[in-house]
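Two complexes come next, and they have one chain in common, chain A, joined by chain B in the first and chain C in the second.
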Partner chain A sequence: MTMRWSREAVIGAALASAYLLFTAVFWAYPFFWLAKLSVTQWRFFDEPVFTGARNLLLTVQDPQFLQALWNVVRFLGFYLPIAFGGALIVAFGLQHVGRGKAFVALCFLLSNVSSGVALSLVFAKVFSSTGPLNAMLFELAGVRVPWTNDPTLALLAIALVVAWKFVGYYGLILYSGLLAIPKEIYDAARLDHAGPWTRLMRITLPMMNPQLMMVLTFAILVSFGLFTEPFIITGGGPSDSTSTPQMMIYETAFRRLQPSHAAMMSILVALVTYALVQLARRLFERKVVLA
Partner chain B sequence: MTSRRDALALALGGMALLAGCGGQRAERRTDRIQLWVAPNAAEESFWKVAVAKWNAAKLGLPVSFTTIPTAGNSEDTVLSALVAGTEPDLCTNIFSGFAMQLAALRQVADLASMPGYGPLLERRRMRTIMPGWTRGEQVVALPIYSSPTLIWWRADLLERHGLSAPPVTYDDVYRFCERYGVRQSRYGMQVLAGRDWRDRWFDFISFYYAASNGQPYLADNHALYDNAAGAQAAGFIERMFRQGWTAPDFDAEEPLVSGLAAGAVRGPWDIERFADIYPDTLARIAVGPMIAPVRSAGPGSTFSDSKGVVIFRSSHVQREAFAFLSWVLGEEALNLLWLQRTGLSPARDDLLTNPAFADYYRGNPLARAYADHVATARPPALSEHTIDIQKIMSARLVEPLMLGTTAPAAALADAVARTDRMLEVQG
Partner chain C sequence: MKAFLSKRTPGGWAATIAIYALALSWLYPFAWMVAASLKPAAQIYNTGLFEGDFTLDNFAFLFATADKLDRPFLGALGVSAVVTLTVTASVLLTSAFIAFALARMRFPGRKLFGDFLLLQMVIPTSMFILPLFVLVKQMGLLNTLGALILPSMMSGWGIYMMSQSFRTMPEEYFDAARLDRASLWQTVTKIVVPLNKSIIAIVALFTFTGTWDNFLWPLIAISDTDRMPLSVLLATFSKQYGGYAGPVMAGAVLQTLPLVLLFLLFRRHFLQGMSLSLK
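For the complex of A and B:
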């Protein structure tokens, strides 16, 4: 007995196969190759040799890699307040824009679609110890701030640049959350004599929890994926204070020519990222239900 | 309902799609030599002439060349080509550390074992230069040019502050900085070249070579710079920062143009750059030696930023490629042409004594200053771990000195200990 497919089934399979093929070639194959690399020793031109947990031990004992992971946590310490503060200002500001709202929103998105390399080169000059920002500060207050040469300030400078790039995007996400809050809830709160602060803390922010969680998740992903800005602005210095896991992975794979070691790093970074996102969800995610 | 024919057509279409994903190793040619050269107009124009002469004279297997097809850096492109099997027979623009990495990966041929290697060293007067490119008996890259690092000073600013010649010793620099420097707004000298691992060649390693008279900073998988010369170089960097005579970075502008700094380490490649962009400043530049604790009798040691050429092991025409290389490097007329086209000193030790180059250097005093140091300039340590060695140098030595967080002796000890530990782990 021969099995014959209906025409719809064949068309469906043909349409799905494009996606399945894409996934197999660009996701599944690299994923399994990465997993294989992480437990082997391979240097581009030879056959991978199984080495078990050697790469794992090398990676967890590598002080530079651990420092890079710690730098992400430090970066989040600067980035989250700046990004959330800026995004909330954008979202609340957009509520009060009358005409040209789409144009203003587009302007905020421009920084998001700008070339990371180009804007990093510009900011490297802006933040230079002899650059225009310091020249202005010296004129006004007689001081020069070591924006990119002090371990703490360098991370702050990078957080400012990255926040500048993403604040508009995050702001639009939060703005969509603001629009979804029914006006009647605010009217009811006013009848109960709730002031602006109470309305913000008891209505607006809790009702925006899905959008805030989305921004928090994006911010964590951005932080662990950080590469261009520190690579160009500080090169990971001073004293490795701005080196990031992505920089470590790139340099280990393509500068030190140790792709197996880099593969293990990337798996660990993915696991830590996932763990941090899950932790954030556990701590802050709330169900928003309008009865 | 769908027939078997439709299913077959779908399968064939899918296979045609996948066929494009297959590996595509280039067929290795044996009827001509393929050469990759540095992607810049000056070097390309030299190779155009040299290759045309070789091919016209029918001196060996014909050569075809192209620039390294790179949008970023040559190392990435060469590596990609090796993985894809599309590498040429010969490739220029290779720095010694990358050549050592390629050797560790068994991708480049040992040039010292090629017929005609010894005579080439004699013909090109390379005997004093080659020790820096030789490990054991093995030579994996031949230096094409050697660019010593020297210090450019604004002659007009020196004169205005009582110096008729560029500073030579640390004390000379300190005295000048006391007169010229204005805290937080004007600096005697740019001390640190930048943040990248490569920048250590143009600050600490240059200072170390000058202080140690060219002694190595790495040998037998051990860092050696925790010594008197290292302490002097580190002490110089530290004092310049503590006194406010230098800034942590000069990323915003070229400091020699505005006089933001009166001196800075520069290489011969900067001559053409300044001639194009800052000709007025170039006219006011005096080239001084790499500063050292004491004045040396002859040309002092400094760092040599050299690039070499390798022959890949996959080449089926290795000997023919080396014959071409020997001819290009050994011909005095071509060495002169290289000098005229690129302004970079060929890696030979007779540049100032050989009459073939006399006219060129008579008309180019800045280039002459560099040629004077070719024989005493030292290349980077031959190690496949160059990047890690210099990243540790940045993070544990130079940057703590800049920030003033660690004393020179402690920073040196820490950097050397970490380098040794890294080399031990990496094997």
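For the complex of A and C:
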């Protein structure tokens, strides 16, 4: 080749290559190992032995793994209503308060940028049978709720903690959608005597579809990636009711020393996550067109 | 709804008060954490939030006594600091230059490079924990700080975020830089960085927080207590000595404090970077 590269092209390509080199080592090579592990039998020390679809068959029949995937669905059942409800309140709240916007936004965002490990430890105490939440409930209603001993309540507790962490961030996303809705649409609706409920359901929510979809996608990704909160607050219990796919992968690879099995789980979890995100988009995504 | 919520009506006032109350209640776990870290063990669960005999004993325990239980918290704080600062500095430096190349320089394969970054971001990183362990083991880096630092030295997300912001800068700045024969280093540090502070602050904040609070990866890669970062040491301490609620909460305060301070320090850039018109 006699083509001469300009100085700019050489520097640009060199910078891009630096990243590609890094990616080849810490991204592509692990990717290759994951694929290899998923079709072999390996125990960290011996030579990998090709076993074909055996890992796949083992994994899809593993009741604990299936339970962990099902737990994500149960988790979404609690998490989505709480997260969307909370985020909408934050978004409308920000629109409403005017002067104190920055302060309100910072209060809700602090949970998002602070430590998941530390706050999980805090919530483990807050939800404990003698913790402050139960003390408060006992004083108000005379009941003590066994937050971490009941399979459904334990999952609800985790959903509340994760929602507490992300509602501010989701709320900001929705708020940016609210800001983008032209005021003229509301004026026209008022001329047509559209009530507040009609305006919310027919204008506000449909116009916010891109932001609502973004929040839904993030919520699904967060749910399949759960590890720290259940690991610290419930340890997966009671009787695996709060164990998550990430916890299963960790347990299988590093406690039971079956990395091949765990590699298959990682791949399946990624595929299920992707499928669910695509399904959600098919079902709920609308193009917002302003005529 | 607008009329009902507008500020002059009593309903509007009630809504404003409710939102402020809710925002403040979001801070309750932080308040409880700080209060519990300052109380003697016997008072943590049975006193009001601001009641009790406040003392620094729990922090003293963490730094003096926990050492004898093979839980060196001072060392863990050092490990967390070294790892987090190195990773954040490296990500910022590499992201700024590579993002500048992607956004502003013409070179063959540029578009392909941008598409590749997008593809990478779609694939969840949690998938890579296990094979990354295999790689780090092969490199002989298990149980070293290198295991915590090297795999995070560059960030595709950081490059992408910065390049999106660099792209919107007017071309005139770069014409002027070319006329002055500014070097690449000068162009990036003197022109690009000062004009894109918000996005750089966001990448810095999320990288710092993500590294400082990373839990699963160091849990796997580090097994010696004297090389554990604070997040992992704290969790294992809590698992084994759960009865010591006071010291655990003191540790939680230490783990949270740098993140909260950093967030408050960068709050303006942060809100601006999230493209909000908060006035």
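One rule holds in what follows: the second predicted complex is superposed on the first by the 285 of 291 C-alpha atoms of A that agree within 3 Å, B and C clash if a C-alpha of one lies under 4 Å from a C-alpha of the other, contacts with A are read in each partner's own complex, and residues count from 1 in each chain.
Here is the rule we use: a residue touches a chain if its C-beta (ideal position, glycine included) is under 8 Å from a C-beta of that chain, and two chains touch if they have at least 3 such contacts.
Model, not experiment: these values are computed from the prediction.
Peer 1: Touching A:D150 in the superposition: chain B (first), chain C (second), both, neither?
Peer 2: In the superposition, A:D150 touches chain B alone.
Peer 1: Mind telling me which of the two, chain B or chain C, contacts the most residues of chain A?
Peer 2: C
Peer 1: For A:Y175, select first, second, both or neither according to whether it touches chain B, chain C, the two together, or no partner.
Peer 2: Touch status of A:Y175: second partner only.
Peer 1: Let me test your reading of the model: by the given contact rule, A:A188 touches which partner, first (chain B), second (chain C), both or neither?
Peer 2: neither
Peer 1: Touch check for A:G237: first (chain B), second (chain C), both, or neither?
Peer 2: first
Peer 1: Using the superposition on chain A described above, determine whether A:A24 touches chain B (first), chain C (second), both, or neither.
Peer 2: It touches nothing on chain B or chain C.
Peer 1: In the superposed arrangement, does A:V60 touch chain B (first), chain C (second), both or neither?
Peer 2: A:V60 sits against neither chain B nor chain C.
Peer 1: Which partner chains sit in contact with A:P132 here, chain B, chain C, both or neither? Use first/second/both/neither.
Peer 2: After superposing on A, A:P132 lies in contact with both chain B and chain C.
Peer 1: When the two structures are overlaid on chain A, which partner does A:F254 contact: first (chain B), second (chain C), both, or neither?
Peer 2: both
Peer 1: So in the superposed three-chain picture, is A:V73 touching just chain B, just chain C, both, or none of them (first/second/both/neither)?
Peer 2: neither
Peer 1: Once the two structures are fitted together, what part of chain A is touched by chain B and by chain C alike?
Peer 2: Overlap of chain B and chain C footprints on chain A: residues 5-6, 9-10, 25, 44, 124-125, 130-132, 254.
Peer 1: Per the contact definition, I'd like the list of chain A residues that touch chain B in the complex.
Peer 2: Contact set of chain A toward chain B: 4-7, 9-10, 14, 17, 21, 25, 43-45, 58, 124-125, 128-132, 138, 143-144, 146, 148-151, 234-240, 251, 254-257.
Peer 1: For a test of understanding, state which residues of chain A touch chain C in their complex under the given definition.
Peer 2: On the chain A side, the touching residues are 5-6, 8-13, 15-16, 18-20, 22-23, 25-27, 29-34, 37, 44, 89, 92-93, 96-111, 113-119, 121-126, 130-132, 135, 164, 168, 172, 175-176, 179, 186, 196-197, 199-200, 221, 224-225, 227-228, 231-232, 246, 249-250, 253-254, 259, 262-263, 266-267, 269-270, 273.
Peer 1: Would you pull the chain C residues touching chain A in the complex into a rising list?
Peer 2: Where chain C meets chain A, its residues are 1-2, 4-5, 7, 12, 15-16, 19-20, 22-24, 26-27, 29-30, 32-33, 36, 44-46, 94, 97-98, 100-102, 105-110, 113, 120, 123-124, 126-135, 137, 150-151, 153-154, 156, 159, 184, 205-206, 209, 212-213, 215-216, 219-220, 231, 234-235, 238, 245, 248-249, 251-253, 255-256, 259-260, 263-264, 267, 270-271, 274-279.
Peer 1: Which residues of chain B touch chain A in the complex?
Peer 2: 1-2, 6-7, 10, 14, 17, 21, 75-76, 79, 82-83, 101, 105-107, 184-185, 194-196, 247-253, 255, 260, 385, 387-388, 391, 394-396, 399-400, 402-403, 405, 425
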